[in-house]
Structure formats: structure tokens, C-alpha cells
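Worksheet: one structure, shown below.
By written order: A, B, C and D. Residues from 1 in each chain.
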């Protein structure tokens, strides 16, 4: 398994780099949305990067990620090329889905980023099936499935976690509890305090809560649950407490959230706090500056590529409905 | 007379009915405090209170199952599904329970409920948030299906839907939310099952719905310049279907073109084409042409989505093909 | 509220009568299915009568019952006329649904038997909505919603119980755990021992298990949970342990069940055991014999009526799709 | 050569594919130990073991979501939905996920899976266990749709469906399970998208599917006595659709009657009627007539259900109406 970052400086720096890359990438996505370059919608994970970074660090290349429309960070951190992701958000030909999917469907199967799903709950059973297939084929793969707090109230969540538990499927369910559905607090829509953790026992699973803004803590839980799954001991359900810095999507200012709450969570931003922790163990600030500078260069490059990329060719409208590459439904 | 957006007309239509009938309630995700993700329910919580305007968890089966039960016990509930694509997440309750219960119980159960939902493409949201699925509902016996194209009709048809004793699926088109129209003050109530001739004509009948109506009207204007007089019919409701207006129009024009946003196969256009091909056959002077979105999921990229959804150019081309 | 049967002999005799009526009725339904009089299918609650009788006794007339295809006993015990139920099973004009519903949709709204639902899980949210409407209208009604053990694994169960708990809706969910789905033991498809009770905490609800073959015990739990709901304290989730004496449906001999299991449960038949309990408190056996004889007379009468009833008139095919009584979808 | 029931053909077809390809697996409710509630999977558990033949909880979204995920990761899964009515309980996964994922990912994701389900009426099961919903699937871009009418075709089309790299919804008709046919031993593999002319004729084209095929053939036999030569086409698959065979037939007969078991509105019959009304218009000598179940839920009582589902008498009457 991967080296333990909490004891391995290189690995910790890598997690820091990944968080910064996700942060800069999504900040740019927001700017480009405001500019009208990014089309349709975006759901940013700004503030939730530690969850993506901690899990990505604990996963093997062959492990599979399933995420939601709020999964830009997960897809990027599994290794998808930044320009192809930004190009997809902007609906350009260079997009990772050729411009057909848009921001809610970022996918890079070559990196086992098995898709971003836009309908709440749907990807949980899909992640279970993929993990089950892996164990049947003896591939040692684990599925990691990310979703939000609001998703714990939809039927597919219940069916998927139950089936995974009954079949002892190697999947780790990760609830990113950012306290809100779209504009409604999850606390108003759930009769238990911890929407995921308090449901674990309903499936015979351990109740696991982690500070989703502490990448070291996330990494620890990630490796524990992933290795448990790999050992064939079945699924886990992890609830990571976190907060989104921006609104739900697009230009939403998130004004439905109390100011003190926002300030308190901004003070717990996973990135500066991790930088402080690293500096406290004598990591040279210039190293961290360099990581940040490199990330910005990468984002600028992806931005340029995206701005210069043409829209998808008209012919592509009718391609890739079927495996033969086309869309013919008649002879 | 006030200029009203389609978006604001939704709230006005609901308010008109909640005002008049205390048994009318509204539930859905983010419909109360947030005023709806499309701002179509803004002000209703403040005006009618948290008992009658309620946020729900993300549980579509509970939303539509909940309004079904509420309709069985004395309310006239309205349930919102944020996007019509999500009808698929609760289709069992809609298609197997709500639509069939009256018949299966020999008429014992009446279900005066409305399912409102944002339908259609053009917003670059991609394949799971852009579908036109009015044909899904039309295919299910026991559902009435409404899809207004103007702010005024949103109010009048909302009233008709809420007052109707049967379940109604009410499709609000995303592309039209920002469209404006001068609308009279005061109560507006329409009847379900009445199409509107948006533009009289004598050479061809163009049938459209919701966001395809302005497209058809634009095509008719272009056609006029080329000397073709097109009659544009806005269906307004798919069930009940105003076949009389359709048959009468084709008997005068001898030609039919349907303009649908839904994917090609088994759409309402096919139903109408088939009705005319049986009952209006001897009046037809030319093949019936359907203009539809191709049989593909909707792409996200602007350039592709615009190619997919029927345009006035494609309608003009279709009409000229059969002149 | 209703007199406490456990202290009131008349009420206890009434519960005995109701169990016997349900038993004889369903035994006859089985015979008539074998004879080809009852059409399509039947799902019998033979062996599960104590649950129906205990709850029916604790409900007020205005309270609403929602049940499944295995709900002949619930519908009958809310007061639906036996001949109209048997007529429906046989697809006759006298059927409670005019022959249109069949055995899986028995409904008598005049008795607040709000329907039998044939798709697993669907009626749970419906029961929630009906109960919510009652509280909004201040009717003091409670919904009681019966379903099976296998139903606890479908999404609608999760969504319905969660919404009921969040909105504090006056509904009592009753899981009739008869150990089997159709032919598969629930224990093989659920990661917890008690499919309903072990899920209660996921909704902030008390875990409640009752012996579903002891009508006094069922009555006690029923009145406690129904009155709690009526007081506005919200929903309850009750798991009643029971067993079906016959197969899942139609002519299923139920051979997938171990013989010892079947014998053990037959020995715990709720009806003879309750008769013994009543005799033990000096109820005159002849009183009980009379109850049984009367029930048999009622069943014979319903059978005669059904045999002599004509099929539905052809015109009724096209009626009652809409509230105007018709089925026209065009002008 | 062995006499085989349609029911047994399902198990034989699945076994043929599981034998040849270890990546083929089967999951569903009661499919393993119980051999399926319609006994269509009998013997498969014994033959292929519990890893490849698995019972599931009553969780339709988990079943179809599970096979979607499995198809993404190297298996060719078959998922059973006990009754096709239950497609509604997992319609989001089928219509929004499985059907659209390849397109939405720009072709990255291939989904070689089959959803098998028991479709259609005639068993007196009532409105929620008797529907013909093949038109639901046909209306969704990205799904292939198969509905065999004979034991032999069950095997050949099952093989084609399992080997197809795209998602296929495979409808097995309840009314046909007991039907028998002599079928050759050995492997049978068909191609999707090929209709079969069950009976050649020159005066009218009758198009049918699944359980409506024997009804159409019976009608054709009756018609022959009255001097009308009817050609009966068994579609076999709705997507891909063999429009060539349809257009060719109508070009010879000049008349079209479709026979559908699904309710009237927006069925596959409407799609075919519309295609002919556009592309075969100049070959038509008479109106196109659709014979369908009325637009009502299916009733349970035998006498009513038999009135609802198209009969050979109704087909004969429809054909004579346009002679």
C-alpha cells in the first residue's frame, strides 16, 4: 500500500499539492463561469479538497472513484488532465467527454475515475456493482463512492449500502457532509444528527466520522477502510464533516447560510491549516510556495488551452450513442 | 395589465389557487425558504406559511407518494420535482400508483393532485437535466399532461390543473422561464384539452408545444416570406388532446408537420401523426413530417445542444420539403 | 379509545372472532383459487391474522389502513364486506373494486381501508402523505401501514420512514416479518438480525419488536404506537414476528422452507393458542364454537354470492379512469 | 430437435451464453435457488454456481445499478426484473444512467448488459403486474429493445442481446411462457434489428410483436378465408428497428395495421405508423390503423382483460375497415 503520509514528508507534500491544484482549478472554473466561458453550471468543492486528496492518496491506481456533479476535485486528483476537465466545463472539443457531458459528468476511465453522476444517489448502486465485478474477477480493486449529506435520504442510498453489506462488496461509501443540500440545511431534513454515520448500524456497519478538513485524518480513515475492503471484509460508510466555501452551484452566493457559520468554517480552511502544520514540522515554506506556484502555472496553462480550443465538431452530435460509434436506431 | 415572466407566472398561478382553496398545498425540495431553484415559488412560504408550503428531503418517491396520500385524504396537493428528468426516480409512484389507483379501485379513490416540474433543454445542463419527457407522461393512462408556452397560459392552466379532480403532470419549460408577456390582473382559469391556434394559415399545419411554439411561429413568419401560409397550433395540453382542432386544421391545410423537443421515438408527434394518418388520411396532400430532437441523449456543449433541439430553420426546411 | 381487550372479555372475543373470520375467509380463497374461481393470484396471510386483528382493534374508524397484496385480512378486518372481497378475488361484478383491481388491490375507502398495493414499498410514502394531510386538517387520524420484511430493503421504505420522522407524521409502520421474501429467506438478504427494528435508530425511532402471533401483545403495541401518533409525537416502526402457513402466493407449496421450521411455527398458530388462553380464563368453549360457526356461515354465504355473481359488464372496461367516470383522452 | 417451451428457452439461452463466456453473470430476486418466479432461470445456479447466479434483496435500483457498475468493470451481466412494471421502480438508473452514460462520457464507458423482464398481460394479475412497457424503453435513446415471440427466437435473441456491446432491455412475454416449439439442438445466435415475415401476403401489412404475433397470424388466417391476403411481420426487436422490411412490405401491400399490446398513446405502433406516413406515404392506398389496448390501466377480471388486449377479431375488423 501507499506510504503513510503522516510519517512520510514527500507523501504529505503530495497531498498538499493535490489540494492546492484542486483549489486553484475550481477557483478558476468559478471565474470562467462568471466570464461565460464555462457553460451551464458548476458545483464546486472549494473547501472540501482534503477529502478528495486524502482518499486519492490512499487509493491504488486500479481502485475506482465514483462521484457526483460536485466531483471536479475527485476526478482531477485521480489524475485526469486539467485542461481536458476545464475544456469539458467550457464545452470545448478538448473536453474529457468531448463536450458532451458537461460539468456534471466528468469522467476519465483511463484513471479509473468512473464518472460524475448528476442525479442524487444513482451512482451508489453503480459503485457497488463495479466493486462486486472486481472481486468476482479477482482484481483486488476497491470502489470509493463520494456523495453528499442530502443523498442519505434517497432510496438508492439505502438499497446500495444494504446490498454492499449483504454481498460484502469492496466499496467505501464516503458522505461529504457539508451541512447543506442545495439551499436547505440537512439538519432540517434528517431526524438524526449524523446523516450517514447514524445510519451505519442499519446495515451492520461501524459508525465512522472524520474531520473532512484534516487531510491527514482523512488519509488515515481512507487507508483503513480501503484496506478492509481489499481484505474482503466488506464495505464501510464514512461521514466526513466539511463545508463548501461557495454556494451550491453556478453563481449562488449561499446567502441562506449564517455569517458566523461561514466565517467559522472559512477559518478551518483545509489548505492553509495544512500548510501551517507542515511548516510546524519544519517544511521549508519555499517548498510550499513552489507547489502553489506550479499549481497556478498548470491552471493558467489549462485556461489558455481551453480559451483557444474550438467547440466540438458538429458531426460529433450523432456519435457515441452505441458501441459502434454511431447513433443509428434503424436500418 | 402587468408584464410578467413565465417564471413569475408560476408563483402567481399557484398563489391564485392557494388563496382560493385552503386545501391546496405545495411541497418539494427547496420550494419554501429558497423559493425554488428556478425561483418559481418565491414568496409562497411568506404568504401561505410553513404548513402549506414545505421543503422536503431529497426523496422524490416520498414527495410524489406523499402528495398521492394527501390527495386521498382531503388535500389538493402540488408536488414539485426540480427537474423533469427526476420523474424517473419516482416513476413507479407516478405511473403505477397515481395513474392507476382510481381505475384499479373501481373509482373509489380520487386524486386531485399536480406534479409540477421543470422540463426541457437549452440550458447546457447536459443529458440528465435537460430532457423533454412529456411523452413519458402521455404514454401512461390515467395522467393528464399540461405544458404551457406563455406566462398567461401558465396561470390559466395551473388553475385548471389544480382544480382538476384527476392527477396532472405540469411541465414548466426552463427555456421559457425568462420570457415575458403582458398579462391581465385578476383570476385566470383555463380548461384542459383546448389547443390554441397561434397563427392561422392555409398551406400547412405546424403543431408545437411549450418552447417549440415560438420556434414554430418564427418558422411560420419566415415561410410567409416564401409564400407559404403556415398555421401554428400550440397544443397546451397533451392529455386531454384537442384532436378536433388538429383534424380541422389539417382538413383545411392538407399538410402536417409536428415539432417536438423530445427524442425522436414514440413522442407525442408520433401519436398525432398516427391519428391524422388514420382519421385525416383522405385530407392529406403530402407526407407527414416530424421535426424532433434526434434519438440521442442531449449533449452539454452549447453548439451541440443547439444542433440537437429543433430550430426554426429545420422547421422551415421540413415544411418546404412537402410543399 | 377502544376498551383494553386484555382486560375486557368482550373485546378479546371480538379479536378472536376477527382472527377466525380472516382465517376461514383466506382458507376459502385458497380452495376457490384451486378450483379456478379465484383468478390470477392470491397472497394469503394465513398465520398472520393476529397482527391484523390486534391493530384493527386498536384503530378508530377514521384511522387509515394501507397494506400490501397480502392484505386480505387487513381489509376484511377494517370492515369491508366479505362477499365484496371474495367477489373481487374472483373477478366478479360484486367485487369491491368492480373486478378491476383483483386480489392485489383490495380497497374499501368507506372503511378507511385505503388500499392494497402490489409493488413493494410504494404504499409507505402514500401512507405518510395521507397521515400528514390528516394532521394538517386536524382530523386526529392515524395511518397504519403494513408491509413485509423484504420491503425493508427497498428505497421507498427509507424515504417514507425518514420523511415521516422529519415531519413527525402520525403514521405507524408495521413490518410483518414472516421470515421470507417470496422464496428467499430475509436473513440472507439483510445484514442485520431484525430487518425493521434494527433500522429504527436510523430515523431516530425506538426499536420495537412484538410477537406477531400473540394478538394481545400486538394490541398493546398497536394502541401504544397509535396513541403516540395521535398525540402528535410522530411515527413508530413496529416489527411483528410471524410466519405464513402457506406459500408466497397462488399454489406455492413453500417447499423452500425447512420442515422443522414449518412445524414449529404451525404449533404457534395464533388462533388455537388464543382460544386456549381464553379458555384458560374461563371463557365458555361453546361461545368460541359459536364464533367459529358464525364465521363459517359468513364465509359460506360470501362463497355462494360469489359463485352466483356475474362477471363485470363489458361497458365497465372503459369507466373510472377519470373522475368524470369515463376514460376519454381526446375530444 | 426437441420440443421446448418459451419458458425453458429463456434458461437455455442464458446457459448457452454463460457456458461460452465466463464474464456473463445473472442477478435478480429469486433467480438462483428458486429458479425464478416464472421458472425461467431453473438449473442455472446448480450449473454455474452462486458467484455467477445470485439472488438479490428487493432492491430494483441496486439490481440495475449493480449490473451497470459490473458492466463498467469487465462483466457482461444480466439483471432480472421480475415484472416489467418494476422498470418504473428503477427507471432513473435505466433511462438516465444506463442509456446515457456512453454518450455523456464521449464514448468512454461501454455497457454490455441485459435487463430481462416478464412483460405483458393475460394472467389476470391486474394493473401493476400486467403492463406491456416496451414503448417506455423504445422512447429512451441509448437502449436496445428486444421482445421475442417464439422459443427459438428467445434463444437466438438472448444470445444477440448478451453479446451486444450496448445495453439491451429484453422483454419476455408472460402469456407465451407455456408456448412450445420444436427447436434444433446446439448454439442459436441471431442478429438484433431483423424483423421476420411470419406469413407473406399482398393486400395488407400487419405488424406485431411478442404475444401479438400469434394474434396477428390468427387474424391473417381468418382474413384469407374472406379473400384478403395479409402479410404478418414480427418485429422481434424495436431498437434497432428493421424499417427496411416494413417499408418494403407496405410498398407491396399499400396498407398498414399495427397490433400493440401497450396502451394506445405513444406506443411503438405510433412510431411505425409515423415512419410509414412520412417515408411510405405515396405507397399508401388507405388510412393506417393501429389496434392497441385502450388507453386504460389493465383490469384484473378475465372478461375485462380479454376485452382490453387486442384480439384476432379486432385485427380482422381493422383490416376489413381499410379494404
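Everything that follows uses one rule, which is that a residue touches a chain if its C-beta (ideal position, glycine included) is under 8 Å from a C-beta of that chain, and two chains touch if they have at least 3 such contacts.
This one's a predicted model, so the numbers in the text were calculated from it and none came from an experiment.
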{"item": "Chain of greatest Cα-centre distance to subunit B", "value": "C"}
{"item": "Pair joined by more contacting C-beta pairs (A-D or A-B)", "value": "A-D"}
{"item": "Inter-chain centre distance, subunit B versus subunit D - centres from mean C-alpha coordinates, in Å", "value": "30"}
{"item": "Centre distance in Å when subunit A and subunit D are each reduced to the mean of their C-alpha atoms", "value": "40"}
{"item": "Centroid spacing, where centroids are CA-atom means, of subunit A and subunit C in whole angstrom", "value": "46"}
{"item": "Computed distance of Cα centres, subunit B from subunit A, in Å", "value": "36"}
{"item": "Interface hub residues of subunit B, defined as touching at least two other chains", "value": "56-57, 59-61, 85-86, 88-89, 92, 96, 103-104, 126-128, 141-142, 239, 264-265, 294-297, 299-300"}
{"item": "For subunit A, residues contacting two or more additional chains", "value": "95, 97, 99-101, 105, 117, 119, 153-156, 159, 162, 166, 188-190, 321, 327, 329"}
{"item": "In the complex, subunit B residues that touch subunit A", "value": "29-30, 33-34, 37, 55-61, 85-86, 88-89, 123-129, 264-265, 294-297, 299-304, 307-308"}
{"item": "Touch list for subunit B against partner subunit D, complex", "value": "85-86, 88-89, 91-92, 94-96, 99-100, 103-104, 126-128, 135-136, 138-142, 239, 262-271, 273-274, 276-279, 281-282, 284, 286-290, 294-297, 299-300"}
{"item": "Residue ranges of subunit C touching subunit A (in the complex, touch as defined)", "value": "153-159, 162, 165-166, 188-192, 198-199, 201-205"}
{"item": "Subunit C to subunit D touching residues, read off their complex", "value": "39-41, 91-92, 95, 97, 99-105, 117-121, 150-151, 153-156, 181-184, 188-190, 256, 311-312, 314, 316-318, 321, 327, 329"}
{"item": "Touch list for subunit A against partner subunit D, complex", "value": "64, 95-101, 105, 107-109, 114-115, 117, 119, 122-134, 136-137, 139, 141, 143, 155-156, 159-160, 162-163, 166-167, 319-325, 327-331"}
